[in-house]
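Sharing a structure with you now.
Labels for the chains are A, B, C and D, by order of writing; each one numbers its residues from 1.
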Amino acid sequence: MTTLDSSKAGHHGDHGHHGGSYLTPKGGWLTTVIDWATTVDHKKIGVMYLVAVLFMFFLGGVAALVVRTELMTPVRTVEVQATDPATGKAMVDADGKPVMKSEIRGQWLGEMKAKIDGQELTSIDGGNNWYNRAFTLHGAIMVFMVIIPSIPASLGNFLIPLMLGAKDVAFPRLNLLSWYVYVTGSIFAVCSIVIGGVDTGWTFYTPYSTTTDAEYANVVLMVLGAFILGFSSILTGLNFVVTVHKLRAPGMGWFDMPLFIWAMYSTSIIQVLATPVIGITLLLLIFERMFKIGIFDPALGGDPVLYQHFFWFYSHPVVYVMILPAFGVISEIIPVHGHKKIFGYRAVAFASLGVALVSFLVWGHHMFASSGELAATVFSALTFLVAIPTAVKVFNWIATLYKSSIALTTPMWYALMFLFLFSIGGLTGLPLGTLATDLHLHDSYYVVAHFHYVMMGGTIITFVGGLHHWWPKMFGRMYNQFWANIGAFTVFIGFNVTFFTQFFLGTQGMPRRYASYIDDYQIYHQISTVGSYLLLVGFLIHLFVFLHSLVAGRKAPANPWGGLTLEWEATSPPDEHNFHHEPMVKHGPYDFETTVPPHWDPKDYPLPALPKHAH
Amino acid sequence: MSTLDTRSGLGNDVPLWKRYVAGHHWRNAEEEFDACTLGFWLFLATEVLLFAGLFCAYAILRFKYPDAFVNGSSYLDWRWGCVNTGVLLISSYTMAASIRMFQLDRQSTGKLLLAITFICGIGFLFVKGTFEYLPKLSGWFFFLDPALPHYLDFKNGEALGGLFVHIDGYGGKAPGQFFSYAFSSDPWEPLWWSVYYCATGIHALHVVIGMSLIAWCWVRARMGAYGPTHYTMVENTGLYWHLVDLIWIFLFPLLYLIH
Amino acid sequence: MIEILGKLSMTLAPTTLAAESQPTYSWWFRNYGATENATHSDAIFMNIWWISIGWFVFLMALMVYFVIRYRRRPGVPAPYSPSHNTTLEIAWTIFPCLFLVYMFLAGFHGYIEKMVAPGDSIEMNLTAKKWDWTITYPNGASSPERTVVGAAAKTQIGDATPGARPIPIFYVPGDTPIKFNMVSQDVMHSFWVPDFRVKMDIFPNRYTTYWFEAKGPDEKSMTLKDSTGKDVLTAQGQKVHYNDHYIFCAEYCGDQHSEMWGIIRVVPRAFYASKIEEWNIEGKTPEEIGKLVYQSQGCSACHTVDGAKGAAPTWKDLFGNTVPTNVGPVLADENYIREAIYTPAAKIHEGYPSNMPVFTTAQIDERRMQGLIAYMKSISSKAPKSDAAAPAADTKDASKK
Amino acid sequence: MSNAHAPSASHGFDELDPHGAGKHTTHSHHIVSGVTLLGILGILLMFTALTVGLAQGEKWVMSYFSIELPRWVNVAVAMSIATVKATLVLMYFMLLRYSNPINTIVFLVCLLAFALFLFFTGLDLGNRGNIDPVKATAIQAGGVGGIKAGWSKDAPIIDKATVVYWRERKLNEVGPEKFAKMKAAFGHSHAAHASHGPAGPTGNAAHVPAGLTPGLFDAAAPAAHDAHGGSGH
């Protein structure tokens, strides 16, 4: 940490004579806004994605806190006053005291419905409706609008051309389009929330999703939003695949690419191949809702399990769209901050591709409890295959730490946390792939805890870690590492407190998506809720650290951590066209033993001495 | 890619395609073309997988309700399907030939072939809409429909001065909750119609998108944008149009020729 | 293939690591599991758990050691090491596979145990609907017993205060294999008894099965008491012991998904037999039949019989009154009630949602329907008593023939 | 960064060679000969005729010899021909034969994903108990009552199998006699023949020409279709 406190840092990044960085405003604020809104620069688009994703993360996080708060007590914690559907007024009892929904559970109709249209009321609101909407909101936003685009669209967009030594992604205008598509999809989803929300769960399982709130368009809007977001995902993935194929710098072979690129490449392949299936699924779901076409509706001869196959053919591979980029980020952070060549480069690279392939073979493990014995057996066997490449990656990362030189910077702390959390997430997945135990654990809090360990402990933690790693490159400012570390530890502790307890809830019998539960579970829920508040505090600390860095951060040197990949050859922040000269690749991305990092100034940051033979 | 830019430094007397300059991040136009084609193939892959869902739904439901599918299919006339297959195949040929013309700098033939392709698209949609969708959905027949004379016993309305004739009881083979056909012989026939309209409807949507692309190509071709060294847009439009054809090649036997 | 796998798993998986004879109980679970399959499944879970613990501790210990040992110190050169070792990499790719093979086979073994019901199981039909369960016993009876969790004394399965909605209690015999044929009437549900460690999704339009052989109650189990707190005694004058197990719906199904609970009450076989005989409609008056149907078919979840406001119109004084519906006022006579049960969407009571489930003639046959009508008449002041008596008597006669 | 454009622009122009594009060293500018394209079109049209012919022929064989061919024959024949046609389109119209092999790989990978999707979904759903049609009318759509016929507020609610509902409604509207006539005219049902046992008593005379709208292209002979199946016979 102290290594970076040199006040002279940053002079390498200051190449004023080459024209401004990509962040330099083009003129007045209006010009600047128009410039950003119409930019085809991958860096600006990456930053725009970052802002959008973080905003959605905030929304989804609020929903999560609401859910956790509700679960503090076995009954209603957050009370909602009931509405008399006949009069549309808030209900009071004879003494003028407000009547809460929980008191009249199952007796009166939904406040929301009554407000919109007093005519035909289609579902009873026993007071759980808003809770169901909150967890659906949390799930849908976090999956479709945060985790899927988090690393690929923000860090990926920013870094892939830089790491490849290219001036831009293959199709810059398509890239901008994909951002607008993302925003459009998000607006649809948010609209659906504003006009009343969706209570289907993020999985939109039929026939519930096609019939709930039958008179209202909320579900259609939300599904349409997810459908549109799919296009954004496809365009991004397609762009990256072509970029990796066609725009590598001279001298960069496939095995000279940084592992982040390998991970992003695998991710993009999954995005391209899986997303269209969710497209048609959601389209058919919309038709099902609007026209009752019956393909998924058992009352009309369709098959709800068919919907599940459609849905999970996308949504399982997409789990790897979420976690593979995180693997890529870790494969960058550990070698750079450990200043050591990654152990088993090819194994890690092929493991990425292997995960991408296997991801298309295992979706059925989301349906073990729906009774298809043959398919369940086959899918269970295939599911265990996923464990192999992921385990290989973890072994490689830990082997990389061996005889390295570990600088305990904030990104490195995050990488270590990732190893801890992802190991738990991965290992707790084993009983879920095991048929006998899954029949008990499926759809319980055990599953909730497991996928939060993977999705949040894996992806979000790494996203924040990666953000800390490339923040100086993206914005040309250093941040306060002391407070960033405090934030990281708070997040780590908060995360474990929140989610480890949920494993016990699950094994003991707490089903997911429950607003009320038997009293025995309360202590676990309370611990979990306290943990979630701690998580909030941790993220707020990060927010302030970043804001402080933007306003008052020290200027960042071009290469603050001593990385060897090409993005560190650019200035911090990079020029509009990334590099002054097309970079030639003369060393591997992790050849720390033989190469002095570009722009290295020992006064900026001390690196371990090179071994003797390198000189 | 770029349009009326002046980056090449050549004057307006030189055709637009000769003035084309690759995007700034490409080393040369060759690489850009290669990348665009690869990108477009990836996009085509997503299109195929979009239809994969429909084919999968078709397979599962046909496996479950074979009779409903056979019955439902019997309402479709394979000869209209055949005509449309021919139309699409011919249009695919004209599209491919058009690209060839632009590669050889035979601009006017290229444009003509593009126009023919477009007209074939219209023909496809016309047959689909007038002779298949319209009567089946609503019972309204186009007066030239060869099947019409056989149903005149049940005629109960006319519109637009006899241009369209309504046949009582023929219509209503609509998807889902709009289904109201009274003479089905299998309880699951509405499902067949759902699959039929989803598959052909989404395919027709792709025809429309393809036609828009072709129209755009035609407009640009009039401006002289395509020639031997630069025809990326026509090439990719062609790929898209062939994909539309490709999907139909599978839809035709699956929908029209089952028994 | 299934057979081969089955043999393989029998020989390799079940007892290699776990002490199967000992019930595995840890802080992971609330109890030992109420069936043998549950205990077995817990053993598999604990095996995987200890394997995972082993790997986790090993990896984290390495990581922590490396971080401390190789932390960056000024002026200290990095002790570089090779970045590649084929033997090691192949070894650590293959070695974990052994554990995975064990897990798959053990899981498969336990899965088949949980999925395949013994041939001599007692078959019962279970119907799920928003947000209630119904079980039909082999003799056609259904359990009319419900309890308000939290209102009663603390039970052995943990107290809860989720609200006033009563949840059904299903009596099943202990130490007897029981198989449910399950189907849903509306959306998907999932039948989960955590103490049995199995859940199974319930679909509309497709039957799934669920089987268990619950360990019977013993002397340490709770004793059954009636509403006044007195011990329930068998015909032989013995106290009745029972074990309760929660049922949860585990597939999200809407607003009151969170309260779609039930209780499986495991009682001795003889007591179970007497219970379902008690609920049998044979030899009962139409009014009694109606009351049983009212309790067992879930009517009581929404309709009250004392005039209190519920999620649906009360039955108190319903019969013979004029009902405001969406198609105008309708006289609530026999035909109206019949239609409202078999085709609820036909006429919808003003001010109430159209969410009454459809009942089929298989669920409510003619006798039960007449019973319901008789029961409604008996609690309606509007029903002309002289008229009400006549058809009821007829039905009684009919049932005797 | 204007200097960045210069090399690429000049590079693009050096290679300008309208009449010798085929001589380019890269694979992307192959020009397929006009004869090949026309030939492919011919083959495609021929295969279209073939697939129709085989389908009709199969039907004729089934009715003439009063035999049942398994359903997969029909599908397998049609799909094989469609695959050949698709391959031709891909290779010659879409130029996969001449373009960068990576494009072919992309397409094959996509087909692999398609195959996996179809295979595993079929593996599961094909091996589960079939949906039980008997229950169809007892199940409500999501528990909110029957399905509305259309969107309008006063649309009727269908509380039984859709097909039955509309049949009964029409029967009430037009009366049994006219209903029978209409059914004879509109319905081409031949499922009874195709799947339930051998051909009807009248052999191929009663066999409905499935897939033919009566009178299409042969308006001169409208009477023939009156003999075709349906409840009138």
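Please note the rule applied: a residue touches a chain if its C-beta (ideal position, glycine included) is under 8 Å from a C-beta of that chain, and two chains touch if they have at least 3 such contacts.
Source: prediction; values computed, not measured.
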Considering A-B alongside C-D, which chain pair is linked by more C-beta pairs in contact?
A-B
Centre-to-centre distance between chain D and chain C (centres being mean Cα positions), rounded to whole Å:
44
Note: chain B sits from chain A at a C-alpha centroid distance in Å of 38
Using the average of all C-alpha atoms in each chain as its centre, how far is it in Å between chain B and chain D?
14
Chain A to chain D, mean C-alpha position gap in Å, rounds to 40
Each of the following residues of chain A touches two or more other chains, namely 122-123, 167, 207-208, 211-212, 245, 273-274, 277, 292, 298-301, 303, 305-306, 309-310, 371, 373-374, 577
Note the residues in chain B that touch 2 or more other chains, in rising order.
24, 34, 38, 42, 45-46, 48-49, 52, 56, 60, 64, 177-178, 187-188, 190
Which chain C residues sit where two or more other chains touch them?
186-187, 204-206, 254, 354-355
Which pairs of chains touch one another in this structure?
A-B, A-C, A-D, B-D, C-D
Can you tell me which positions in chain D touch chain C when the two form their complex?
128-132, 135-136, 138-146, 157, 159
Which of the residues in chain C come into contact with chain A in the complex?
1-2, 5, 27-30, 38, 40-41, 44-45, 48-49, 51-52, 55-56, 59-60, 62-63, 66-67, 70-72, 74-81, 83-85, 88-89, 92-93, 96-97, 100-101, 103-104, 106-111, 113-115, 149, 157-165, 186-188, 190, 192, 194-195, 197-201, 203-206, 208-209, 246, 248-259, 301-302, 309-311, 351, 353-355
Which residues of chain A touch chain C in their complex?
3, 74-75, 85-86, 102, 105-107, 109, 120-126, 128-129, 131-132, 199-201, 205, 207-208, 211-212, 298-299, 304-305, 338-345, 347, 369-371, 373-374, 376-377, 380-381, 384, 387-388, 391-392, 394-396, 398-408, 416, 419-420, 423-424, 427-428, 430-431, 433-440, 442-444, 503-504, 507-509, 511-520, 590, 592-593, 606, 608-611
In their complex, what parts of chain A are in touch with chain B?
161, 166-172, 174, 234, 237-239, 241-242, 245-247, 272-277, 279-281, 283-284, 287-288, 291-295, 300-303, 306, 309-310, 577
Would you mind writing out the residues of chain C in touch with chain D in their complex?
129-130, 183-187, 204-207, 254, 343-346, 354-358, 360, 362
